[in-house]
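In what follows, chain A forms one complex with chain B and a second complex with chain C.
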Partner chain A sequence: MIWEVFRQEKTGGYHAHCGNVHAPDREMAKQFAAIQHGRRKPTNSLWVVPREEIGEIDSEDVAFGGATDRSYRWATAYNTTGEDAREVVESEDEQATAERQRGDD
Partner chain B sequence: MAALENPDDLDAREREALETLLKRLADDEFVLAERYTEWQVRAPSLESDLALANNAQDELGHARLWYDVLEDLGFEEQELIYERDPDDFRHSTLVELPFEEGDWADAVLRSYLYDAAEELRLEALEESTYPKIADRVGKIQSEEDYHLEHAQNWVERLAEGEEGHQRLQNALDRLFPHALTLFEPVDPDLEEAIVELRLRDASLEELGEEWLSIVVPYLESLELELPVSPQVDDDTFEITEEMLPEKRGRDGSHTDAWADLHDELTHTYRDLGRSETTKIMEKPE
Partner chain C sequence: MNVDAVTKRAGPREFSPADDLPREYREAATRMIEFHANSEIMGAYLERPFIRQAPSIDRKLAFSAKVQDEIGHGQLLYRAAESLGVKTREEMLDDLANGDGKFLNCFHYPLKSWVDVPMISFFVDGAAMRRQATLRRTSWEPYAHAMDKVCFEEGFHVKHGEDILKELMTGSRKERQMTQEAFEEWWPRIIQFFGPTDDKSTHHDFAASVGLKQQSNDQLRDAFLDQYIPKARKHGLEIPDEPRIRERDDGTYAVEEGDLDWDEFFTIAKNDYEPGLGQINGRKHAQDAVQWVRDTIENDATTAGGHAPQAAD
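Let's look at the complex of A and B:
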């Protein structure tokens, strides 16, 4: 049986998928995960989840968006004079950063 | 009792007691780790392989902590391992026995028997009058919890199936007498000194009885039968002479398997004509 493993580095952070382990039950899965995924990287907590309990929907099932150009919605698409309010400049920066990171997380 | 702070201030008897205690501890961990390592790439699954390798690595680390304390008494690493006469090693015969070919039940049951004893032994060292021993106990305990849990999880799962249960029973018949040697003295006088000086604050007899009061009911709850009967009444247990195997390790008598293993693990050192060990790490703290 395959258990997907999710690691949280610090209290309050997200549990991010980091791999899986083969184990006959939850108890053994937790033990194996502790060694395989918690020993070499900073770890605060691990989740183990039976693979078959995970629901998946993929790009064949649905159009996830991002297929059409929606850059008209970004503040960065507008010309500015350089004398705009600080909030506008910050907002532009945030969106430009978000755009660069799209798909990374 | 006052702490035995400085090794130079120890009299001959204190020194010998300390040396004996440390060799028991270090040699057990070292030889068990050597045996565990034989399971590398041979365990039943990748996960169990990594788990046992992890435990082996922990035990080597613990051996290193204890050998390092022995170095305070003037020993050097090569004298403690590579150039030491195999008959001078003080480990229990439980840790030197080869695994029956591919018998995972042997590996996990042995681990259970050993780790249950290790837990009690470390508790009895928490207040050791030799400060460096007391300081290092906590570090080791934090890792040992995992070892015991790992062993018990496996033993309980194997015991559920018919074949697994039979394999556990066979391993128990073979290993149990050797496990009793964990509580044998290296030398009765020195053992008395170890307790008298409070280097360890429980006697081997007390530790052995406590261990039996834990492992006997546990093994029986899994419907495993002990090859000997150390139970005197409901809550009294005792190890007697006739339950012990001929070779006991602690007193320097070892099974032939140890000579072979020692030969193997010192082979490269001799083959390369070394006279000192390679240092790849700083001394442990």
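Let's look at the complex of A and C:
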């Protein structure tokens, strides 16, 4: 049985997928995960999830974000006057990064 | 863990559903996040009619995307609140529908026309974003994670809101005048977004001591004024004489709290304010009107896949 492993580096962080282990049950899966994925990289917590419990939808199935022009949804589409609040600037930067990663521009 | 242990450990994103937390913490966090979630939903319902009334197709697209985002924020926050184990999502939504759920003062007032829209989607959203940015460091990890996504999206809302304001304030004389009047009506409510002063705040001390809240009402309000008074002026809005606003020697601003209507604020806080009841009932009406959609999704999963003609065909 295959268990997907998600690692959280430190308290408060996100559990991100980092690999999988073979194990007959949840207890063994946790132990294998601790050994295989929690030894070298910084680890605060691990989740193990049976692979067959995971549902997947990918870009073969669906056009994520839709096929139409949605530039109006991005902070970068609007020019404002004067200095923006720092949290607005931060949000816009995060959006600009996401746009680049999506290859929209 | 008891309250002392929680206070000692309290820090950004410190506690997760895996921790054994005292009732006091769970209840305080539930109250705070449920209020936040309810406000997202009630804000979306307040703005919803203006998707239809938007003056151009661009505005309509952007505004409907924004309202959709806000409903999504509500959903994220109900999950973060539910994970505290005090109330279920169902209970929170029921309380909101029957008038027991509390939400932001600004969303108890009706939005009357398009010139009111930037008062919410620029100023109130700007105020909300200031507060939400600090909540990325709250001690309840699911709340902090919800804030990551909310803040990511909210920059678009605030900038689009400012774009609407700019368009109105560079429009006709009549538009500028109407926008100024809307600003004068909304300005005191916007300042009250941050709640009563620190010494009158009911829940601040505990929430701050266990790391749920990161900044006091006064700190947030002052930071908002420092940022948004110059913005308002830049767009040609005149700051009303009341409430009086004092400019400190270092160029920052503070408001004269006594000039604000706190009786109205606390009437609203108890859900006793008449126009606010209209908002609550309006949402209930909208919910009832689209009950058939929920019924269809829940009961019709099988027929949806079949080829038998449906009523909508």
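Basically, the second predicted complex is superposed on the first by the 65 of 105 C-alpha atoms of A that agree within 3 Å, B and C clash if a C-alpha of one lies under 4 Å from a C-alpha of the other, contacts with A are read in each partner's own complex, and residues count from 1 in each chain.
We adopt the following convention: contacts are C-beta pairs under 8 Å (C-beta built on N, C-alpha and C of every residue); 3 or more make two chains touch, one makes a residue touch a chain.
Note that the coordinates shown come from a computational prediction; the quantities given were computed from them, not determined experimentally.
Using the contact criterion defined above for the overlaid structures, shared-chain residue A:R73 touches chain C, although it does not reach chain B. Judged by the touch definition given at the top, the superposed model places A:E87 against chain C, while chain B stays out of reach.
In the overlay built on the shared chain, the residue A:R39 is in contact with chain B alone; chain C does not reach it.
Looking at the shared chain after the overlay, A:Q31 reaches chain B, while chain C stays out of its contact range.
When both complexes are overlaid on chain A, the residue A:V5 reaches neither chain B nor chain C. Once the two structures are superposed, chain B and chain C can be ranked by residues of chain A touched, with C on top. By the touch criterion defined above, A:V48 lies against neither chain B nor chain C after alignment on the C-alpha atoms of chain A. When the two complexes are overlaid on their common chain A, residue A:H22 makes contact with chain B while staying clear of chain C.
In the superposition on chain A, the residues of chain A contacted by chain B and by chain C do not overlap at all. Residues 11-14, 45, 70, 72-75, 77-92, 94-95, 98 of chain A touch chain C in their complex.
By the touch rule above, chain A contacts chain B in their complex via residues 21-24, 27-28, 31-32, 34-36, 39.
Interface residues of chain C facing chain A in the complex, by the touch rule stated above, are 12-14, 16, 18, 58, 61-62, 65, 126, 129-130, 132-133, 141, 144-145, 151-156, 158-160, 162-163, 166, 227-228, 230-231, 234-235.
Chain contact summary for the complex, chain B toward chain A: residues 45-48, 50-51, 54, 146, 149-150, 153, 157.
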